[in-house]
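Labels run A, B, C and D following the written order; every chain starts at residue 1.
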Amino acid sequence: MQHGEGPTEKCGVVGVALADRDAARPLYYSLYALQHRGQDSAGIVTHDGFQQHSHVEMGLVGDAFGPDDLDDLNGSAGIGHVRYPTAGSVNTSCAQPFSVSFKSGALGLAHNGNLVNTDELRDELESLGHAFTSDGDTEVIAHDLARNLLDSDLIRAVKRTMGRMHGSYALTVMHDDTVLGVRDPRGNRPLCLGELEDGYVLASESAAIDTLDGTLVRDVQPGELIVLEADGSGYDSYQLFEEETAAHCFFEHVYFARPDSVIDDRLVYEARRNLGRALWEESGIETDAVMPVPDSGRAFASGYADAAQEAGAGTEFAEGLMKNRYVGRTFIMPTQNERERAVRLKLNPIKSTVEGRSVTLIDDSIVRGTTSTQLVDLLRDAGATEVHLRIGAPPIVAPCYMGIDMATREELIAAGQSTEDIRDSIGADSLSYLSIDAVAGAIGQSRADLCLGCVTGEYPFDIEGEETDRELERPTVGERELADD
Amino acid sequence: MQHGEGPTEKCGVVGVALADRDAARPLYYSLYALQHRGQDSAGIVTHDGFQQHSHVEMGLVGDAFGPDDLDDLNGSAGIGHVRYPTAGSVNTSCAQPFSVSFKSGALGLAHNGNLVNTDELRDELESLGHAFTSDGDTEVIAHDLARNLLDSDLIRAVKRTMGRMHGSYALTVMHDDTVLGVRDPRGNRPLCLGELEDGYVLASESAAIDTLDGTLVRDVQPGELIVLEADGSGYDSYQLFEEETAAHCFFEHVYFARPDSVIDDRLVYEARRNLGRALWEESGIETDAVMPVPDSGRAFASGYADAAQEAGAGTEFAEGLMKNRYVGRTFIMPTQNERERAVRLKLNPIKSTVEGRSVTLIDDSIVRGTTSTQLVDLLRDAGATEVHLRIGAPPIVAPCYMGIDMATREELIAAGQSTEDIRDSIGADSLSYLSIDAVAGAIGQSRADLCLGCVTGEYPFDIEGEETDRELERPTVGERELADD
Amino acid sequence: MQHGEGPTEKCGVVGVALADRDAARPLYYSLYALQHRGQDSAGIVTHDGFQQHSHVEMGLVGDAFGPDDLDDLNGSAGIGHVRYPTAGSVNTSCAQPFSVSFKSGALGLAHNGNLVNTDELRDELESLGHAFTSDGDTEVIAHDLARNLLDSDLIRAVKRTMGRMHGSYALTVMHDDTVLGVRDPRGNRPLCLGELEDGYVLASESAAIDTLDGTLVRDVQPGELIVLEADGSGYDSYQLFEEETAAHCFFEHVYFARPDSVIDDRLVYEARRNLGRALWEESGIETDAVMPVPDSGRAFASGYADAAQEAGAGTEFAEGLMKNRYVGRTFIMPTQNERERAVRLKLNPIKSTVEGRSVTLIDDSIVRGTTSTQLVDLLRDAGATEVHLRIGAPPIVAPCYMGIDMATREELIAAGQSTEDIRDSIGADSLSYLSIDAVAGAIGQSRADLCLGCVTGEYPFDIEGEETDRELERPTVGERELADD
Amino acid sequence: MQHGEGPTEKCGVVGVALADRDAARPLYYSLYALQHRGQDSAGIVTHDGFQQHSHVEMGLVGDAFGPDDLDDLNGSAGIGHVRYPTAGSVNTSCAQPFSVSFKSGALGLAHNGNLVNTDELRDELESLGHAFTSDGDTEVIAHDLARNLLDSDLIRAVKRTMGRMHGSYALTVMHDDTVLGVRDPRGNRPLCLGELEDGYVLASESAAIDTLDGTLVRDVQPGELIVLEADGSGYDSYQLFEEETAAHCFFEHVYFARPDSVIDDRLVYEARRNLGRALWEESGIETDAVMPVPDSGRAFASGYADAAQEAGAGTEFAEGLMKNRYVGRTFIMPTQNERERAVRLKLNPIKSTVEGRSVTLIDDSIVRGTTSTQLVDLLRDAGATEVHLRIGAPPIVAPCYMGIDMATREELIAAGQSTEDIRDSIGADSLSYLSIDAVAGAIGQSRADLCLGCVTGEYPFDIEGEETDRELERPTVGERELADD
């Protein structure tokens, strides 16, 4: 699946506490490492012990910050954010980190995920006199936390707010110069902890830690709060909530995360190669060539080809589609009735791999099916005798409510269609998806610990109008409020 | 005094309610008419009966809004703002109108003035759990008003908030689609009411009403609240506070306001001509020519010349300095050791008026004295035999805390210096200021009804470290809270 | 007449040679002083003795150059240009100075004016193999000069090229590091020479010399070539052509030039005051007030009011229209059917001057008549009992071919209409223009020495389809070519 | 080798003639397909039968053109260009296509390559009176061609100009609405011809033809002129020059061209896979893993891995370095003494592939050696036990004068160093380059038909101060001029 056409990830977060140098540049570089998680806006909030500093702007990390902006972000502790809009409108006022000052100091929040009870929380807070400048989740979390901090210490206040939040979240938070990270009780969104030479870092993905020449310590656990020491000398852990099962997003492994990141103990590149291997095992077909959709299908195709080879199949692994990497912001795409075709501007077949041959095309997923259809068409035009499509994930049949902008149910090609119908619509000679069990196996998680909402339509959280994946004893908001400490 | 070098006015506000067309364009044009009051940012908030719409951006009115922005601002009621930073840092988050949603709907606020008890109010609100995204006055007012609206109707809530605010303010406010305007109990900042063919308008200056082809109804009174009918059919007035004396800012008449505006019943152009006449009467001197500093001294010089002529003095009124009106944002000014002189780029003497002649130069005020010194120098270089300086206001000896960025006390040339010292420092052959009484006379107010802080150092509000101009029985915040209704 | 609505001047030129500092900054400041002559593009070309440096960009002087751009423009000699498009399309390729390298070095040219035989010259040069990158006059002049320099010294080459050019021009030229200035044989466009502490300067207007703290030496004479010494130590003069009469553009005095400039020995401000005096003498009318259209009519109105007063008329001089000086580039003007009126955004009546009074409005000229009509309307709306219009120039009845973009003949309100018709169309109670003889008198030139094309329709140069103002013995291009040395 | 750090290709050219639709969009899309050949500026020139239209701007194709720009480029014939500066300074005036009008119409030129006798040609033309606005090759070619067209037909004029040009070039040219393409007599730069449904296209690479859904007809031959019929119905071929041997640039195959392009009859992707195979054969080493430098080494590594596998080596092909594809224009790179490392921002090791393993890293070439050193370092840090480097081309020991900006001889790590020295400097456990003969074999050309200047220091053209690769009987410019027809 081509980035930009498939699901769009919603945000990357980071937090840093260092011994005695400014956090701004490490934050900047780690946001850059997470740029694939959000290209809409970028922001950094730091605290120098006395005062909070903030710079949030629309655009890519490299465009949002100038050298002067970084110089102004004083302080050895800070958090950062890159975003796609999840909830709340797309403008500067919703860009993050969100920062407020309140009775007990200054708060900064960076959020990846999506709450399902925001309206409920907002109503409660408004009844208490709160006024909101945006319609985003993050401001609601900030106000709730600020309120809880009026009469609780930090740990208890976080716990109380977490007890009231329902949905997926990985948060980095600053309370004055204290940096914290929390992950929702079922660990839907990823968050990990790294050690630097002179401090600690929290990040959505471990690749951000690598960029800072740091070492991955471990994933933050579902329901865990990590508090970094302000002087970078260590961290404390508080397991605030424990649930029996997790609800990790398998799509991070399939599509969103960088191949070089380790998510929930599993290197994404290896997971994808395993998914490719499993794909061969479940539905391998011997063709002249097997080729990835660049760049999304590359690791899958590599695993698939290795498995094919081990199985003695005479299938050559080769690049069959060349990607044009230069797209200006304002590039004018061809209209329907122009003879030039949009897909051809992005991907061009390499004839020697394709012409007169049967080929298997490997991708990670199909959302709307538009690009797949165009690619099958393109390969046939380039002379492919057969085009088989193998997908390293199950069919996506339902929307995501956990922080990913998949598409509406109407737009999803697999919603309510059989695989044969989809194959027919796409025009491939054969089409196979991967089974859910194979996915669970390849990423080393039990099926029960995964959020499979988008491939089953059953969700780990109550979504109005959707089914829940199991019967959880879930307290109401009121109960949680009373029960939290 | 040249604009850009003298005091900078802090903001213009406007509010409009119309029968059945969108308020966005009338708001846009009226902000343009108030552009001289703030070039830092511009914003409009409208409400269409269901929803609030907001567009706030840095820059001039003409640059901050595109046609699409105006089209998106639906609704026949709205408020607008142009700003210079008064309190709060200079960035987007402080630009106005400030808008929030809260239990009872949506609020928008546009503020001209400066509160002196913001920190106190903020502390109180923070104790109640409020969190603030900016360090500006306006957010504090918005939160206070939102809180009061939890258990009061609009009129009582405004009254309660006004009772708690201490300082100068002219506000336009939207509560959902209701537009209101209030002026502080001593009327420090101007605000007036106008009637349009199909609605009503509130604005800092009447010139904004003219731009909309409307008619000035009257000034909003000190302590008065005006509520516009949502359908543009009328307005209601509530005299919420009454004080014995006003504290009108005389500097609006001398410097800030447009000559074509009527402020507190007095046309500014006429006030300035009267100030010029009074200047002749108090310290007229017969020279070959009298000339304004363009454009600030023009009306003063015209009145001065008329009075001189009536007195039979042979003083010719002529332009002696030509202004260059083209300055790009990024124009590179000469450094100290370059031979080209910065003042010469802006003002060039007209030789025939100056050469071999004694001249009187008229300006409205002197802040730092830098430009005056340069102009006297320039005129001498151009061949003036004598250069006399006449100023249409008293010496500015103290800073303004009521919403104008004068300068610090250290920067003010008249702080702690005699007129003779200033004359010597500027290099003029003679220098005279206007007396306070003459100012009061020329603008048709009693001296007791003016805020004269910047020329006396005695202020109508308690400023930490400054004297108060009289003994007021002023309740504390707590008392006011209880007493307000 | 409002700038931006009236005729648009076509370009300002400047040239500088200094002893031992870079010319870039003096050129930059002098272009800024000439900014009113062209806001479309700005450019500077310098030469450091070895190499030419050039920076030309669209936009205002302050926007076209950054500090680095100035630093890169090495060399103590250079020329500069601000422009409106005269001939040639409006884009970067037509911006000036135009620079080329050729056999004998490097040439730079900055041109104010308009040639009437460009096509003829271009055809001749193309027959000799020349290829052109633009369709502007200036490239043609550059090529012709480069060709003549192949076998002539600089003076003879300039003379030969001037002999072939037909039309109006004031040029500053660089040949390597030699700066020259020439004015067409009838002196249509202005050009003057100034002395600096450490060099010499050529400029369209003397105000540019003032800006550099220099002294006006004198006007360059019609047909004269001035060559500046490269070390700034002096200049040489060559009277290359002499014609019996000049054809000075009277509109420079009436409208284009800065009031503080001296053009052909006459200070523009004084000329305009004299025009105002003459206007009273020819058609003065006693009304309650006389007021200028700001800023164009101010000097006229001042002279008119002085003459009225000397004549004992009880007419008060006062500002009656207030100008809004803030217009962003992208300001959205009201459409026809919006209630806000475009003219009101720019000019607002000052009621005390106008209401219940008879007024005389003074302007410099009328081109299309649109603004005049709106202003008369505006004054009546503001309560004027009578509105009389007095114009400090004759009716403009024909287009300009000499370098000014007046309007087409169809657009000119005075083309083919009597003054009474115009008055009726504009809606004034009375309307008077100034006579040509009065203009000649006020600017101190004989009528025969003026280009009066736009007010008589008879031109000092052969324009296809237009009349010539006299029978000149004018050699054909071929003859001129042979005869020139 | 990372793009942006290695040699920079100099320009891509295209030309299109269609039956009855505008050429602008096909030109735009084909330039986008050639974007990798130049990101500095982009331009299109079209002709509508009456008039030439041109739009040239700095920046990427997508940024240089808006929809209106394309709409303004009328005409069914046109040429286009993307560029890196070869000769001539980097600014708008050097951007291409270069267009001029001259006696016989309008010319447009787009040039890829570098002339070695530009100065000579320029001097000759200047002696004839020509003046130049830029210091680029292309203007010189345009002037020469315009001059030759004064007394020759198009074919003879092109031949005469080609006879005078010495160096490498692939040109697309427009003479009015006739589009032509020529390739230098030794075919140094690529150019190919394609057929569209409704016309013909000339382009630097066949991928541009694919983008337009066209078919590659064949390469333009060295010394051949192709003239497209204006109505898109066909083309004529003129073999104007024939030399015994060609001098094809082998670096196009190794580095510059897109993998999906066919250059001189050879698909680039296959050539690279063959180079990888040859690399295994010449210097294969069995390590745990073989991995490409992304993206430049990918096809090489794939061929190398296939050959290794066929040879029974237990070397796994895997991605070992993950590339971050998001770089804003203004991204702030770490300074030397910051702990974050610049290379880590771009490439991050995938630990599972690298840790505790011996690895072979494959790249296409080494220029300065900086990146290679950093990557070896990075892999060792990630736990590689051995790092072997294999390069799919010979050592680059000398600069390119044929249109590629390699580096200066001083900067080239292989200039004057043995492979062992380089290995030592880079820190690899072993290092091997590919032999020249293997290169010739892999791209299917005889060694004599390749330009090998950068790897041998012997050039196919006379370069001042460099050796020539053979003794050619090369006529002087004067002789060529006489001999050409």
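To be clear about the criterion, a contact is a pair of C-beta atoms (placed from the backbone, for glycine too) under 8 Å apart; a residue touches a chain by one contact, two chains touch by 3 or more.
The shown structure was predicted, so the numbers you read here are calculated from the model rather than taken from an experiment.
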{"item": "Path length in steps (a step moves to a chain that is touched) from chain B to chain D", "value": "2"}
{"item": "Required steps from chain B to chain C (each step between touching chains, minimum)", "value": "1"}
{"item": "Selected interface, A-D versus A-B, where C-beta contact pairs are more numerous", "value": "A-D"}
{"item": "Whole-Å separation of chain centres (CA-atom averages), chain A against chain C", "value": "63"}
{"item": "Chain A and chain B: spacing of chain centres that average the CA atoms, whole Å", "value": "50"}
{"item": "Whole-Å separation of chain centres (CA-atom averages), chain A against chain D", "value": "38"}
{"item": "For chain C, residues that touch 2 or more chains besides their own", "value": "none"}
{"item": "Touching pairs - complete list by chain label", "value": "A-B, A-D, B-C, C-D"}
{"item": "For the chain D and chain C complex, residues of the former touching the latter", "value": "92, 98-103, 107, 123, 126-133, 135, 142-143, 146-147, 150"}
{"item": "Chain C to chain B touching residues, read off their complex", "value": "25-26, 28-29, 32-33, 35-36, 39, 59-67, 70, 196-198, 207, 210-213, 258-260, 262, 267, 269-270, 273, 298-299, 302, 306, 309, 316-319, 322, 324-332, 334, 338-341, 344-345, 348-353"}
